[in-house]
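In the two assemblies presented below, chain A is common to both, partnered first by chain B and then by chain C.
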Partner chain A sequence: MSGLRSFVARRLLLGVAQTVAVVLLVFALTEALPGDAAVALAGDQPDPARIAAIREAMHLDRPAYERLADWATGLFHGDLGTSLTSGRPVGQYIADGFGPTLLLATLTVALLVPIGFGLGVLAARHEGRLADRLISSVTLAVYAVPEFALGVLLVTVLALRLGWLPPTAVGYGTDLLGHPAALVLPVLVLLSRPVCSLSRLVRAGMIDALASPYVAQARRYGISGTRIRYAHALPGALAPAVQQLARTVDWLLSGVIVVEALYVIPGLGTVLLNAVAERDVPVVQGLAVVFGVLTVVLNLGADLVAHRLAPRAAVAA
Partner chain B sequence: MTKRGHMTKLRTARFALGVTIVIVPLVLALLGPLFAGEPGPRTTSFTVGDGHWLGTDFVGRDVWQQVLHGGRPVVLTALAATALSYLVALPVGLVSALTHRRWLEELLMRPLDVLLAVPSLLLILLAATVFSPDPVGLALLVALVNVPDAARLVRAAATEAAARPAVEALRMQGETWWRMAVDYVGRSMLRTLVADAGTRLTGVLYLVATAAFLGVGVAPDAADWAVMVDRNRTGLFVQPWAVVAPALLIVALTMGTNLLFDAALSDDRLSERVRGEKLPDATRTLRDGARSEART
Partner chain C sequence: MDDERFPGLHRRGFLAATGAASLGALALAGCGGSGSEGSDAKGDGTPKRGGRLRAAFAGGGAGETLDPHLANLFADAARAKAMYDKLADYGADLSAQPRLAEKWESNKTLDRWQVTLRKATFHDGKPVTAADVLYSYRRIADPKQAFRAKASLDPIDLDASRATGERSIEFVLKRPTAELPNILAAFGAYIVPKDASDFDKKPIGSGPFRFVSFTPGRSAVFRRYDDYWEGAPHLDELEFVVANEESARVNALLGGQVEYAHELNPTTARAHEGKGQIEIVRLRNSAMQGFAMKTDRAPFDDKRVREAFFLIADRKELVDGALSGAGVIGNDLFGKGYEYYADGLPQRAQDLDKARALLKQAGAEDLKVTLDTSAVAAGFTESAGIFRDQAKKAGVTVDVKMGSKDSYWADILDNGTLCCYRSGALPIEAHISQRLLTDSTTNATKWKHKDFDALYQQAQSTRGKTERAAVYERMQRRLYSEGGFLIWGFADWILGTARNVGGVSTKAPANTLDWARFDKVWLA
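The block that comes next holds the complex of A and B.
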């Protein structure tokens, strides 16, 4: 079992390296500011008082390595710094936007898994027939479409023409659960791409598994089709799908940013976009670290789970 | 009919469908500016009719004219970004696959593994905070976030080709590195690369359009389909065409491109295999690791 242990050790090491790299990359952002960082950040209002305030707030008069050390220590203790525009701690920004984003992400993943697996298994069962061709073609087509274009068309048709759903979440604040109708369109749009990629992977994995010798052997034993499908073939198709599920975190993140902008939902994506627009570097950095580390951790977890499900995949050349 | 014949028929149908869907946005994007003519005087925002076929936009410009101009930046930026990412990925992937120096391989590939960990749109927004990029900057950024994955694919394809007996023979004949790397290995992985370029272009189109929608790399009043969708949203109730027309064109462009490339390229068994391998990332890292260990 040394193979397993060394895999886990190597994967953990990569995860740690990735986390450190994310932190360094995000810190390097301040250093990459052209010219005098404080002047660059003051932007449209370059009055000396504001420049001095920014320099003070970001400790720009101290050497870079000292600031990095301070910032990293702060991160370690959960202190993400203070906003340049409002003076509020970055942690508070994140706490404010966390609820709506978590709600969107949870709902999306909760629906994504059954729909993605269901469509994939359905298509694999009817390989080459109408259901498969329909599912394969539609998922292939929708897979590539940017969320904002799809979202705005859905708003026009479902909200404005037909009047079934509210066009945005304006006026509901962070209390989205109290207004489930406002959540339908955002979650639908967020689901569009991941469902397609997941169901395509499950379909491919299931077709491979159903054609494999072990399934043929199980058939020869006279095991029922349903049991073969779900107890024997599906687990084999699961490993790539679990990894894809983690990769969709990347997509979910860009999806969340777009969807929150589109439907005016006050989540983390909106906080990030506002901070980018105001060049509020500490807030952008704090959010980037949170998002980046989250992605690293989820990918790490998925790889370990996938390895557990299909240990041979790692050995096969 | 055999299953294979069935799949071929399906592929032909998809190819035709892809061409049909992509032709309108592509022609508009490439030739639109030639037919746009002189911009008329600005009138009231968000009007319908009144000599404007698709009405007017948020600053009173003719929407149809904006549509004619707005496709080119999306398509050109995406094409440039895809080309640029290969410009970097090809040498990096080739050298790391063909070198016998382990440290060089690690030096080239490890940093990319780390970059892969950061979500693409997050990287682009991070850079946008600091640089306020122009369209060229946006193309560079999108190319940069695509380099890690492209380089890994090049490396995987090149390693496979370099392990063939033909390369051994070339080496024993004392052929130059250049002839082996470019002439033989480069040529034998061409199909894989073309297939990957198709999928990559689809992803790049998505990223370019989404970044533009979020205001990265574009002027706030630029004639760009994604910017039009964003800026004209305020008038969605009174003048939906200013949003719906560019949104439909973006949907058609991305959908059609994906259908087209999938149909055109998926008949290649090899490309299927390498593309299938592309998704589970850790398996690949691990396999790469195992392979390089086996070689030393």
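The block that comes next holds the complex of A and C.
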């Protein structure tokens, strides 16, 4: 167990280093974008005197390293800084955007796991037969449809033509849970591709596992087919799927811009998009920290779960 | 802003929107002051009281504010208009109409104006006074704040201006200013109560709707103000919701989630016009579209080259291609349909032979120019591509260069030689003062001529309107023959409304008084 503990410690340290690197990179890239927050705010009235005044009001006239250092100092005290454009705390931006994002991600994952794993196991059990071919071809086809196209198609058919569901969540931003019907379409779009990739991974893993020597050995012992499938083959097949799942959760939490825009859900993706357009560097950096930490934690969690499921696979740090 | 505004722009929040987007310039105005439920309003029948109208706009994200002096995007302007008033606002022809100001009178030399306020109250019941007006204007002009309307208020000497009574103010001007009413109507020049500085909590204005709630980037809810000076609105409640994607706004409207959708694409309008599901409203002459030639550098420092470019443009093709036909052709002058527009000048048409001859005279055969464009406004990249093909026929090679949409306007101000340009509605006088004088802050064509500046001063010092119109006509003739703006069209601003919405003005260009005005709107 101490091996595991030092593995976790090393991974966490590495994660901190990675997050710092991401933040520095994001800062440098944002600085490298043409124009700054003052130019973006001045918009079509680029009066040089006005831009200079805005720049001064935002303290953008100070050197970049000083601004970065100030921000980093605040971060150590748990302060993510304040937005350049509104003067409101960055923490509030993230807290406001996180609610809708977390809700969508939770619903999606709650449906994704049973559906993805179920379809994968089902296809593997009927390898080469009708059920397998049906599942495989449908998942491949759905996977090939871009989210945006699928989103528009679903709105047109289910919301506008048939009138079964609301087309967007416009105006429900503060109370999405109060309007569950508005969440159906976005969750369907978010599910579409991950279900396909996950079920195909599970199917491939199951087929490999069912053909493996340890399953053959189990069969020779006369263990029942169900128990072999779920207690022996499935855990081995899950390891790659768990890591895929972690990547999916990371994607869901780091802002799903297309779905948010199409269905008017004010999540983190929308916050990020606006912040970049406004060159609101503190908000962009705050999001980079949150996304960096999420990625590190989720991947670490996935590695630990995979380790537990398939201990023989060496854990690489 | 952003937008792609037709397509895309909008994603961004700000300006790009304003920022994009925004529009350009900005001004606002309205039609007649009052009223407007007349023949220019959509919807039959008598107004009905009650109900909540939901209006979808592209917005500015979590950084949005209800501070009316920070208004930048259309959504900001629409919210500000619901809660606040200006002293004046623009009619459909961009002439200033009295609003909180009941009347204005100047002295003989036009450098002192007496403005009398009408009897109006803020939402907390306190009267709107001269002190509130002076506080608001001084706040806007604060050099530390960089509010958008600061440049518009520049001609007013606010230190010398004073209250001469509870409801009367004497404005002292730094120079003769015949068009002071335009300044009172400037974009963002709203009147807030004296000492107001926190607009996040329970903001108070004198407009037709009172504050109820506001979640930046999501929604703002307002309620009818029963004591509004112009009569209480028909609606009980008004909710502004933010949807940055055009497709989301249309879908929400079609699905009955909103009753009003601002800023739709021409293709959407065509798909739904006359189909009976929703109503499409086209606000004409809302956005000038053109190219800006820098007149202080080669090749455009030769007026023959500028004239050749005027003759290269096939305006109809540009309107049809870049605006999907949603607009009218331009005649290289700003402000078609606005007060003082020189509509007597012959419509320019494509004449490639003459263009070639002019280029030859100027020694500019085989001319190569770079045209800066960006996805910052609807139709920009399309118009650049179309113009490149048209120029080729006259032997001119146009190299189209795409720029960043977030910094486009600052990038093109001093750099390059030729760029795509647009402007929202504003008075012709404001267009001239902001863009065509030697000391203009956004002079993208580098049009700097002392005699032209003198004509502008002459207009501002002329009391009689007819005489003033004659001076504006002279200035426009000069711009028509050798100016730096090739103005090929004016885009419609397109709205969609549910069928039960009445009282939406169909004549008011974007940014004028009756545009996005909800106190005269009702739900049948």
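The working rule: the second predicted complex is superposed on the first by the 251 of 317 C-alpha atoms of A that agree within 3 Å, B and C clash if a C-alpha of one lies under 4 Å from a C-alpha of the other, contacts with A are read in each partner's own complex, and residues count from 1 in each chain.
The rule is simple: a contact is a pair of C-beta atoms (placed from the backbone, for glycine too) under 8 Å apart; a residue touches a chain by one contact, two chains touch by 3 or more.
What you see is a predicted model, and the numbers here were worked out from it, not measured in a lab.
*Asks:* Once chain A of both complexes is superposed, is A:Ser254 in touch with chain B (first), chain C (second), both, or neither?
*Replies:* First partner only, chain B.
*Asks:* According to the stated criteria, A:Phe7 is in contact with first (chain B), second (chain C), both, or neither; which is it?
*Replies:* In the superposition, A:Phe7 touches chain B alone.
*Asks:* Quick one: is A:Arg88 in contact with chain B, with chain C, with both, or with neither? Answer first, second, both or neither.
*Replies:* second
*Asks:* May I ask you to name which of chain B and chain C touches more residues of chain A?
*Replies:* Residues of chain A touched, chain B against chain C: more for B.
*Asks:* First (chain B), second (chain C), both or neither: which does A:Thr270 touch?
*Replies:* It touches chain C, and chain B stays clear.
*Asks:* If you stack the two complexes on chain A, which partner ends up touching A:Arg279: first (chain B), second (chain C), both, or neither?
*Replies:* Both chain B and chain C are touched by A:Arg279.
*Asks:* Which holds for A:Leu102: it touches chain B only (first), chain C only (second), both, or neither?
*Replies:* The answer is neither, since A:Leu102 touches no partner chain.
*Asks:* Is A:Gly292 contacted by the first partner chain B, the second partner chain C, both or neither?
*Replies:* first
*Asks:* In the superposed arrangement, does A:Leu150 touch chain B (first), chain C (second), both or neither?
*Replies:* Touch status of A:Leu150: first partner only.
*Asks:* For A:Leu134, is the partner it touches chain B (first), chain C (second), both, or none of the two (neither)?
*Replies:* neither
*Asks:* Please identify the positions on chain A that touch both chain B and chain C, taking each partner from its own complex.
*Replies:* Residues common to the chain A contacts of chain C and of chain B are 33-34, 40, 152, 155, 160, 167, 261-262, 273, 275, 277, 279, listed in rising order.
*Asks:* Quick check on the complex: what are the chain B residues that touch chain A?
*Replies:* 3, 6-7, 10, 14, 17, 113-115, 117-122, 125-126, 128-131, 202-203, 205-206, 209-210, 213-215, 226, 229-230, 233, 236-237, 240, 243-244, 247-248, 250-251, 254-255, 257-259, 262, 276, 279-283, 285-287, 289-291
*Asks:* What residues on chain A touch chain C, complex-wise?
*Replies:* 33-35, 39-51, 53-54, 56-57, 83, 85-86, 88, 93, 96-97, 152, 155, 159-160, 163, 166-168, 170-171, 173-174, 261-264, 266, 270-271, 273-275, 277-280
*Asks:* For the complex, which residues does chain A have touching chain B?
*Replies:* 7, 10-11, 14, 17-18, 21-22, 25-26, 29, 32-34, 40, 127-128, 133, 137, 140-150, 152-153, 155-156, 160, 167, 201, 204, 239-240, 243-244, 247, 249-250, 253-254, 257-258, 261-262, 272-273, 275-277, 279, 281, 284, 288, 291-292, 295-296, 299, 302-303, 306-307, 313-317
*Asks:* Under the stated contact criterion, what part of chain C meets chain A in this complex?
*Replies:* So the residues of chain C in touch with chain A come to 1-2, 11-25, 54, 56, 60-65, 72, 143-146, 148, 150-151, 215-219, 239, 241-245, 247-249, 251-252, 254-255, 257-258, 403-404, 406-407, 409-411, 413, 422-423, 441-442.
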